[in-house]
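You will see two complexes here that share chain A, one where it goes with chain B and one where it goes with chain C.
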Partner chain A sequence: MINIPVITKRELGAYFLSPIAYIVLTAFALMHGILFSLQVGPSMDLQAASRYALALPIYLLALAAPALTMRLFSEEIRSGTIETLMTAPVTETEVVLGKFLGALIFSAVMFTPIMAEIVFLRLLGPWDVGPVLSGFLGLFLLTAQILAIGLLCSALSRMQIASAIINFAILIGLYFLWILGRGQTAAWARLLRYAAPPWHYLSFTRGVVDTRDLAYYVVSTGALLFLSVRALQLRKWR
Partner chain B sequence: MRTDPTPRWKTLTRAGIALGLLLACAGFVLRDISARAFVERDIVSTGLWLGGALLIGLGVILNFRALLGALRSTRTAEQINFAVVLVLALAIAGLLCYISTRRFWRMDWTGAGQHRLHSQTVNILKNLDRDVLAATIYSSGQPGDFYIKGRIADLLEELKSRTPHIETMYLDLDSPGTQQRLRKLLQERLHIDNVPCPSVVFATEARHETVLFENLVESSRGPQGSLNVFKGESAFAGALVKLTEEKRATLYALTGHGEKSFEPAPPASRPGQARGIAGDPARSMSRALKALKNAYYEVKPLDLAAVGKVPDDCDALVLAGPHAPLSEGEMKAIRAYLDERKGAALFLLDSRITPHVKTNMAELLSAYGIEPHEEAVGVSLQLVLDAVGVRQSPQPMVLVDPQQMANHPATKDLEAQHILLQDPCPLRVRPETAPENLRPLALLKGRTESWGESDLDAARKNKATYEPDKDMEGPVVVGAVVEPRPSLSQSPGAETPSGPRIVALGGSESFLNYSVESVPGNLYLLLNCVNWAAGKVQMLGIPPKTMEINVVSVSGGALRASRYIFMGGIPGLIVVLGVVVWLIRRR
Partner chain C sequence: MLVEAKGLTRRYGDLLAVDHLELSIGRGEVVGLLGPNGAGKTTTIRMLTGFLPASEGTVTVAGYDVRRSPVAARRHIGYMPENNPLYPEMRTAEYLAFRAELKGIARARRRRRIAKCIELCNLAGVAGQIIGALSKGYRQRVGLADAMLAEPDALILDEPTIGLDPNQVRDVRRLVRDLGERHTVLISTHILAEAEAICQRVLIIDKGRIVADDTPRALSERLLQGAVCVELQGDAPRIEETLARLPGVQNVQGEKSNGWHRFTLAAAPGADVRADVFRAAAENGWTLRELTRRRPSLEDVFRRLTLGPEPGEERRP
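Right, the complex of A and B next:
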């Protein structure tokens, strides 16, 4: 596992030197900023506004995550550098975890505008910080899961665009499950809701940290990363 | 050598395997949906399984050789390996997630404990020994209902996290197909024809309790102004207690001496006796009655002079501010109830600042170590606004000091409540006059600057001043309890010894509708005291929660700043950074 920080650093360097990263960062900050500013009015509920600021990334992540993860493996596979990487004294697990952590840290940078908005709301008046802290925990877990999905798509695809499209389609599908299951109480609806990442995130924004939601994110992220490792191993056999 | 192309029908049979799998899965899903929707679809499900199995079987038989060949290739082996790993990983992940849904707990990170259950609710849930269905019936078309439904769902999730005995169901009447499910629920589970909407129905196999949405939210005035409180937890805990308790506790409210009425209508009184103050809804205790009914009490009037004794089914006797003396027979009956039958009584004691008050409560209570001084009144300095400006004025009311509250079950979790007792009769606690087996205790006191004023005229005119030789020294005691004294050999935490339980609170005015509407803490105090006296310790102190609304006014400057920073400043900064990096790399 000693190679993980090296790979993470390499990935972060690649991110911050590529124009796509700045395009994603700018687009995220602009869209989040516009949607947040529309919510700020002459009279506002600070608690609700902080919850809103934290709920916005649910939708924006579906657009940003494919752009962030599409190149992680697809680019290496297409350019052939994957062979070099795989023959280096690093394990597939280290490669996957290193790239995953790089993407996760980059996402944390992407969320800086949200922190600025929270600070702005704090300056307007006192309110309960607990739900914001739990909201950030939830956001971290949600992002990790969405990035893990993107990582798997990238590991299975040779083309960046294909990887991004598949990733986007999967995320839209998962979000659609949430919409389908919302308000319904039948078993199938509960199952659909359970499978949808945003549904688990909302309780975090209300200040509730539920072990069911924690388990869902941790287990699903772990499973997706494991599958990414297996997908890389499968490629090695060929 | 050229091989013959695969016939089209044979290719289709391969697709048949996939179709068969799909049909079999559809059979399972349909059966589950049918079960939840209380609809019989077993024939269709079985048909789908059989059809699916037939298609799979036929496909496998017809393509046996091709399947065998495919299975032998390396590529297929790799794919099967990955597929097996995928299935196993998903199965393990699913299993872990399933386990996490069966055994889970929730952590509340809000500062005010918005999503935290009270210890009494947790106790009720721990002792819940039967399955309870909590069906929330609402209409999503009503915005108010939808908002409260969110709070209810959150609370029910919290209850579910503490016990496996609660199952939830949500019926949105605006959703298609709900009417059928509701009919099925009413017929098969609740055995009734109709249920009010919006409401939450808690049902066991034998009984059900309905909590209306309108009883869950209350607007009240507190120290910080008007705010909405959510009373879901106490209402749901009450409903669960009702479902599990065998019988309602019975309170008897003494009548015939000008006591406050629990009912809005005037109580019957015998000729020549003082009438109850009733008729005006604001001056009745009907809100207290409603709260007591919600806590599974039955309140019955008691004409002790006519009956001669306190009824056998009495769990607690309430004397809600008598204004006339009790007859010797009535006194004897109450003493017999308390001493011989180890009964419980709640005394709401008025001062003579209220005209025509002259009782013999002192005679009755002093035997238990509590001395009410109705010839005086509790006075404290209150901030008032008049023509002169804001000043301190001595008012005949006492704001209970939370720091001075006795550590007693009757005051459990009331520290955060605003309790203001009006025209309270000052009390003195004298342990030396109480029987050895009883322990009198000062329960509630005013702040240090409060006192017991003996000049009632001055108190009426808000001109009272403390005179050490005439008045009762502060902080004035406005609430006291008498309870059985635990023996020295009794281990800590052991069951409370049997004996009379008495609560005396100053000022029956404090519990009238108009009073508890503006000071809800008074009502929670009353409920706590009744619960303690009646021995319903599991119902003690479940205060409501304020709705988390923190509205502020945002200045024009702040509005503009937010737009400049978040729509221009931050995105612009990132663009600049990107350009700088691009320029550096270009060099």
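Right, the complex of A and C next:
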């Protein structure tokens, strides 16, 4: 596991040297800022505004995550650097975790506008910051899971575009489960909802840290990372 | 044995790319892996380095099985893959620093090793440049510098001179030859002159099997006779018949070009038939324009082993 930080460092370096990363950072800040300012007015209560600031990334992540994860493996497979990387004395697990951490840290940078908005809201008046803290925990877990989906897509394809499109389609599918199951009480609806990433996140933004939600994210992220390791070991990318 | 492969086999679907290949390379050897394109060179090398899992068979490097203890085995290998893939957005020194850290070179030694490899590969002038902007020759040297960074026991280089201009080819060959003094080197190539210039031992691979394994000189001497080229003017069938009857001539191949007839004589090993050819020409009054002996080259060995006998070579007039 000693090589994880080495790989994370290189991944972060690669992010900040690529135009796509700056496009994603700018687009996220702009879209989040515009959507936030459109919704928040003088009559809105500050607590609700903070929750809204944290709910927005649900949608923005579906757009940003494929752009952030598509190159992680696809680029190395296409250019052949995967061969120099995997013949160095490192394990597949180290490579997968190193790249995953790189993407996660980059996402944290991407989320700085949200923190700025929250600080701004707090300066306007007193409100309970508890739900914001649990919200950030939830955001971290949601992001980790969504990046892990993207990482797996990238580990299966030599084409960045293909990996991004497949990743986006999977995310749309998962979000659709949430929309279908929302507000219904039937067993099937609860099942659909339960599979959907955003549904678990929303309870975090309400200040509820439920172990079932925690387990959902931890187990699914772990399983996705494990599959990425396996995909990398098989070396059967298309 | 530093690198040893036993029954190494790789299938891609129905295609048998490498077929129960046996290979062993001792410490200090400089070995060339030769073969036509598609013979299985890259697949073999990828299995030796542990990048590609073998369908069957085992590979050990310095005693470590590349499948069972991949990390330990890889510590003994410096590998430059085909086409030398690098990260184009990184700077040369930055890339080498990343690779040194990845290869687990201790911090205290890292700076020294990077400086040493930059010096050996003549990269000082481009240490601060972005790899994507470097010429192919420089990039190749960055790949070589990376391969030798951790002072591995075995250097495995897959077609290190492909796509370079003649000057760059000479530079890289010189570098590889120098490396051969301190490391065990396995180099794959389809350029025979390269193997002849660099290697003490040549393995010729065809259809996934080793078809020859010897020194370049022994290979050409053992497998091919010397050949003599002669160009004459006269009655072609009669010339051919006379030449074929000369002592030591094993076969004659003719080819006609505007009045001059060109013959290639295959001679028995050790026989020099040039004087006899001259005398025969003089006696019969044929005009002689050319008479040269061709030392059998690795090229011929290669063609012979990988394509079978040339058409007409077995024919006797």
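Rule of thumb we're sticking to: the second predicted complex is superposed on the first by the 235 of 238 C-alpha atoms of A that agree within 3 Å, B and C clash if a C-alpha of one lies under 4 Å from a C-alpha of the other, contacts with A are read in each partner's own complex, and residues count from 1 in each chain.
We take it that a contact is a pair of C-beta atoms (placed from the backbone, for glycine too) under 8 Å apart; a residue touches a chain by one contact, two chains touch by 3 or more.
Bear in mind the structure is a predicted one, so any value in this text is a computation, not a measurement.
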Clash or fit, chain B versus chain C on superposed chain A: fit
Touched partner set for A:Ala187, first chain B, second chain C, both or neither: first
Greater residue coverage of chain A in the superposed arrangement, chain B or chain C: B
Partner chain in contact with A:Gly41 - chain B first, chain C second, else both or neither: first
Contacts of A:Arg10 with chain B and chain C, given as first, second, both or neither: second
First (chain B), second (chain C), both or neither touched by A:Ile2: second
Chain B versus chain C as contact partner of A:Tyr59, first or second or both or neither: neither
Partner chain in contact with A:Phe140 - chain B first, chain C second, else both or neither: neither
Partner chain in contact with A:Glu83 - chain B first, chain C second, else both or neither: second
First, second, both or neither for A:Asp210, with chain B first and chain C second: first
Smallest separation in angstrom, by C-alpha atoms, between chain B and chain C in the superposition: 6
Contact residues common to both interfaces of chain A (with chain B and with chain C): 17
Sites on chain B touched by chain A in the complex: 29, 32-33, 35-37, 78, 81-82, 85-86, 89-90, 92-93, 96-97, 99-101, 104-112, 114-115, 140, 154, 157, 161, 169-172, 175, 548-554, 556, 558-559, 561-563, 565-567, 570-571, 574-575, 577-578, 581-582, 585
Chain C-touching residues of chain A, taken from the complex the two chains share: 2-3, 6-7, 9-10, 13-14, 17-18, 79-91, 235
Contact footprint of chain B on chain A as seen in their complex: 16-17, 19, 21-23, 25-26, 29-30, 32-34, 36-37, 40-48, 112-113, 116-117, 120, 124-131, 133-134, 183-188, 194, 206-212, 214-216, 219-220, 222-223, 226-227, 230-231, 234, 237-238
Of chain C, residues touching chain A in the complex: 46, 49-53, 70-72, 74-75, 77, 79-83, 85-90, 94, 98-99, 101-104, 146
